[in-house]
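Listed below are the structures to be examined.
Both of the next two complexes hold chain A, though its partner changes from chain B to chain C.
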Partner chain A sequence: MRGFFPIFFAPGFFTSSQVVNALWVGTFVAAVSGMIGVFVVIRGQSFVGHALTDLGATGASGAFLIGLNIWYGFLSFGLLAGAGVELMGDKNHRSRDIATGIILSFAMGLGALFLYFDTITSNNATVSMLVLFGSIFVMDPTMTPIVIGVGLATIVLLGVLYRPLILSSVNPEIARTRGVPVRLVGLIFMILLAAAVEDGALVLGALLSTALLIGPAAAAVRLTSRTGLALIWAAGMGILATWLGIILAYDSYEWPPYGRGWPVSFFTAVLILVFYLVSHFISKRSRWLLIREVNEK
Partner chain B sequence: MNRETVLELNHIGVQFGNRKVLDDIHVQVKAGEFIGLIGPNGAGKTTLLRVILGLLSPTKGSLQISGKPVLHGNRAVGYVPQKIHLDPNTPLRARDLVGLGLDGHRFGIPLPSRKRRQQIDEVLSAVDALSFADAPVGRLSGGEQQRLLIAQALLTNPRILLLDEPLSNLDIRSAYEVVRLVSRIGREKGIAVIMVAHDMNPLLSSMDKVLYLAKGHAVMGEVENVIQSDVLSELYGYEVEVLRVRGRVLVVGGEETDLDVLDLVEGSHCNGGDVMIQ
Partner chain C sequence: MSFLFQIFQPNMLSQPFMVNAFLSGSIVAVLAAIVGFFVILRGYTFAAHALPKIGFAGASGAVMFGVNPLIGLVVFAVSGALSIGLLGKRGRHDVITALVLVVALGTGALFLVITDNYATGAYALLFGQLVGVSGSEVVEIAILGVICIGVLSFLYRPLLFASILQEGAEARGISIRLLGMVFLVVVGITTAITVPVVGALLSFSLMIGPAATTQYVTHHPFRSMGLSVSISLFTVWSALTLAYDTGWPIGFFVAAISAIIYCLARFTAKRNPITFVRSQMKPKNL
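After this line comes the complex of A and B, so read on.
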């Protein structure tokens, strides 16, 4: 153990303020994404989740252009997009998907322009990396309380919405007859989803924040059929993947080929995939055992 | 019998633009009655159902449930949808789904308690679903999910149980089981049951009255009085004939285009074999 500890936690890990900050932010962001993700899986809305971060990226690159922290761009565009998608309604799934696709392409085009301007005006290309792949180590520490606050508020609201959200996900008609304002519940959930993925975009970037949203949740629902436990599993696996990603990224500081460190997003995305595959294997195995047990009776 | 009237439809009319979907529906349902809401596709069954659920305001007429006007979130009506679509991996157990009947409309997370568990177990046993109480809902069969939805609706403590085509996704045996189950529960608890069905076969032995809808008009009464050539002809607005062949009853329409929406009526003493119409 004495030999392992310094190898795993490279010198200075716990004393670096950037690392400590990253661990705090990462914990909350991963927990929120994992929990919201369970409901995204229940409601079959993973496409929307991804669309929201893509639109958030446009906002983030725009925010950078006017000198704001990219997080504000992520959040404002994400919230607007979420509300927009929900208000488009569910009249026709196909036309809604097409509309989402068209708006998405337009926003991405705009994002490309903003990123291009960002790169020219700031004379470096790191902003594209920050927006698309995350920036947890170089985050402005004054943002930490805001990001964590949004995360906490999201979890609290998810708790408040819990039962009506499940009921309207199972069957909106039953929910309506019971007096649940189904549209409003859907809208609030969409806003929570936007907050979660845009928080996630700060850690993993716009392209990978869906990984933190869907991955741990998809793994969790294979491990348990209880909603509450699935929330805990998803949050736990997300937090673990983020912590390990931060630790490994820190460790990789002197790794080849450039000796400049590898991105957190890479490690976290790989770990989430590993968790998913392991949960898949476990659930296949337990189902097989169950079938055998029934057959033997 | 002198039973309380739980549902009163007073000359209900529903119009979408110029199209009359329901016209002058005037019906009373008493506590504990089992009503089959029968009719071909497009007859207005779904519209009537939405009116009773309070999801659609009628253009004309009024309705009362247990003497009170219908509101959103009227817990006096327990609604059982035709089908729910859940992924097999959805983290929701059978007992969680049923528990939503108790407090699914309330905010916050459900707190486990002995009383809650008891109430859920009670309705699970009433629909004979205790054996799969802890199974994930998404992995259960259509018939099993149907039973859970009924249990869920029962937990809302309704005066009326409204089932929207519960039999259409089930094989004949499960269909008869659901009908027997619902009719038994209705009688035991004094709950009026309104079961929407395209095909009235499985309902014949259980229903007290038939509410037959065609072209937006309705006639209600006992099966032998309603399922008659002259009654149904007047309802459809053209000549239809009720044939009773070898214990089975067929409603045969006059227009060829209506052939696919004909109702096939099977005598209650027949076992539920498949009947083919060429």
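After this line comes the complex of A and C, so read on.
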């Protein structure tokens, strides 16, 4: 054990301020994404959840263009797009996906243009990679309280919304007859979702924040049919995958090609897939249907 | 008149790379429009969005190992399509699509870091560039495109039937699962050859934009596909021309033009298209 410890935690791991910062931010982001993700999986909104980060990336590259911190771009575009998708929301699942797709592709086109201008004006192409793939180690430490604050606010609001949200996710008709404002709940949830995924986008990059949102939640709903437990499982697995990802990425500076370090997002994505596959073997069927049945009673 | 010459620069097609771009762009436009028709009909929007990004990861891997990026694109996009088809449950493959997507992207990020190829290689693959297609690649794209069209024309009737009335098709002994898998593989190959032209992030708009637009105009499958192909060709040709003029990314023009055409159709149409198409396509008509 004594020999293993320094191999696993490479020297300087706990003293590096960037690493400590990354661990704090990563913990909150993973917890929030995991919990919100459970509802995303139950509601079948994976596509929207993923689309919001791409839309956020457009905002981020726009923010970089006018000299703001990319975080504000992520958040403002994410919130706007989330509200927009929900308000345009159609009852028909399929046409909602198509409308999401068209808005998304237009926004991504705009994002491509912004990134092109970013690259030209700042004369380096790393900004597009920063926006798309993210880097938790180079995050501006002054952003930490804001990111954590948004994460905490999201969790609190999710707690307030908990019962009506479950009811309107599993059965909108019953929720409506019991006087739950289903559309309003949907809108607020979409705003929470936007806040969660944009937090994730800052940490893992726009392309990979979907990993923390969907992966742990999809594994959790296989392990339990109780919503509360599923939230805890999802948050726990998300946090574990993030911590291990950060540790391994830190270790990987010693791996070839030396001194460059493998991306956190690679390790996290692979770990999340492993969790999902393990849960797949433990339980043969996804229990989101069971969650519906339990809650309907 | 001089304004027109500014847009359609006379020397544009004397550049060999522009000829390659127009040839491959046209092939891709036709194929994407036809595949897109079924993507919209079957509700595979998320998969169509995910597969090009999965292919992007493959291309960056191919760059790392020094092989033709098109091979990486095809291998990753097809295996991504197969995993989505195999692991996805009937009617609900959004979760597994997201998972396959993030794992592929994580691997892609790793390839990019190892080759230190962030700046140049990735940018072209993500957003498309005019000089992205070489003469030999045009031939490869054409061969793959012809194969896809061949498979689609062979599958046309069962696929249409199964997309509209799954139970009816099953009752007649069509294997829905196999059909869905083969179709996903076709989507994978189509995205793989679209990426070098318009880029990974925007090849999705070429696939769903024109097809979604025509649903507001016509309800007949053949007319619908014909119209998608025309819109798609118009989009690609004007995007290539404008990208040549401005030097801006092709993907931006593809996305903007197809979004404008979609909005025009949507706000002038009266009916909700998809339910109407479905109500029109009764099994007896098939």
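Here is the rule we go by: the second predicted complex is superposed on the first by the 279 of 297 C-alpha atoms of A that agree within 3 Å, B and C clash if a C-alpha of one lies under 4 Å from a C-alpha of the other, contacts with A are read in each partner's own complex, and residues count from 1 in each chain.
Criterion: a residue touches a chain if its C-beta (ideal position, glycine included) is under 8 Å from a C-beta of that chain, and two chains touch if they have at least 3 such contacts.
Since the model is a prediction, treat every value here as computed from it, not as a measurement.
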*Would you mind checking whether chain B and chain C clash or fit side by side on chain A after the superposition?*
fit
*Please work out whether A:164 is in contact with chain B alone, chain C alone, both, or neither, and reply first, second, both or neither.*
first
*Go through the superposed model and pick first if A:22 touches only chain B, second if only chain C, both, or neither.*
neither
*Considering only the touch criterion stated at the top, classify A:44 as touching first (chain B), second (chain C), both, or neither.*
both
*Is A:116 in contact with chain B, with chain C, with both, or with neither (first, second, both, neither)?*
second
*Quick one: name whichever of chain B and chain C touches more residues of chain A.*
C
*asked:* Quick check for you: in the superposed arrangement, does A:106 touch first (chain B), second (chain C), both or neither?
replied: second
*For A:265, is the partner it touches chain B (first), chain C (second), both, or none of the two (neither)?*
second
*Examine A:211 and indicate which partner it touches, taking first as chain B and second as chain C; both and neither are also allowed.*
second
*asked:* Nearest approach of chain B to chain C by C-alpha atoms in the superposition, in Å, rounded to an integer.
replied: 9
_Residues of chain A contacting chain B in one complex and chain C in the other_ = 41, 44, 218
*Would you mind writing out the residues of chain A in touch with chain C in their complex?*
41, 44, 46-47, 49-51, 54, 92-95, 97-98, 100-102, 104-106, 108-113, 115-116, 119, 124-126, 128-129, 132-133, 205, 207-208, 210-211, 213-215, 218, 256-257, 260-263, 265-270, 272-273, 276, 286
*What residues of chain C sit close enough to touch chain A in their complex?*
40, 43, 45-46, 48-49, 53, 89, 92, 94-95, 97-99, 101-103, 105-107, 109-110, 112-114, 116, 118-120, 122-123, 126-127, 199, 201-202, 204-205, 208-209, 212, 248-249, 251-256, 258-259, 262, 272-275
*Spell out the part of chain B that touches chain A in their complex, as residue ranges.*
53-55, 71-75, 77, 79, 81, 84, 86-87, 89-93, 96-97, 100, 103-110, 134-136, 152-153, 156
*Report the residues of chain A in contact with chain B in the complex, numbered from low to high.*
38, 41-42, 44, 159-164, 166-167, 170-171, 173-180, 218, 220-222, 224-230
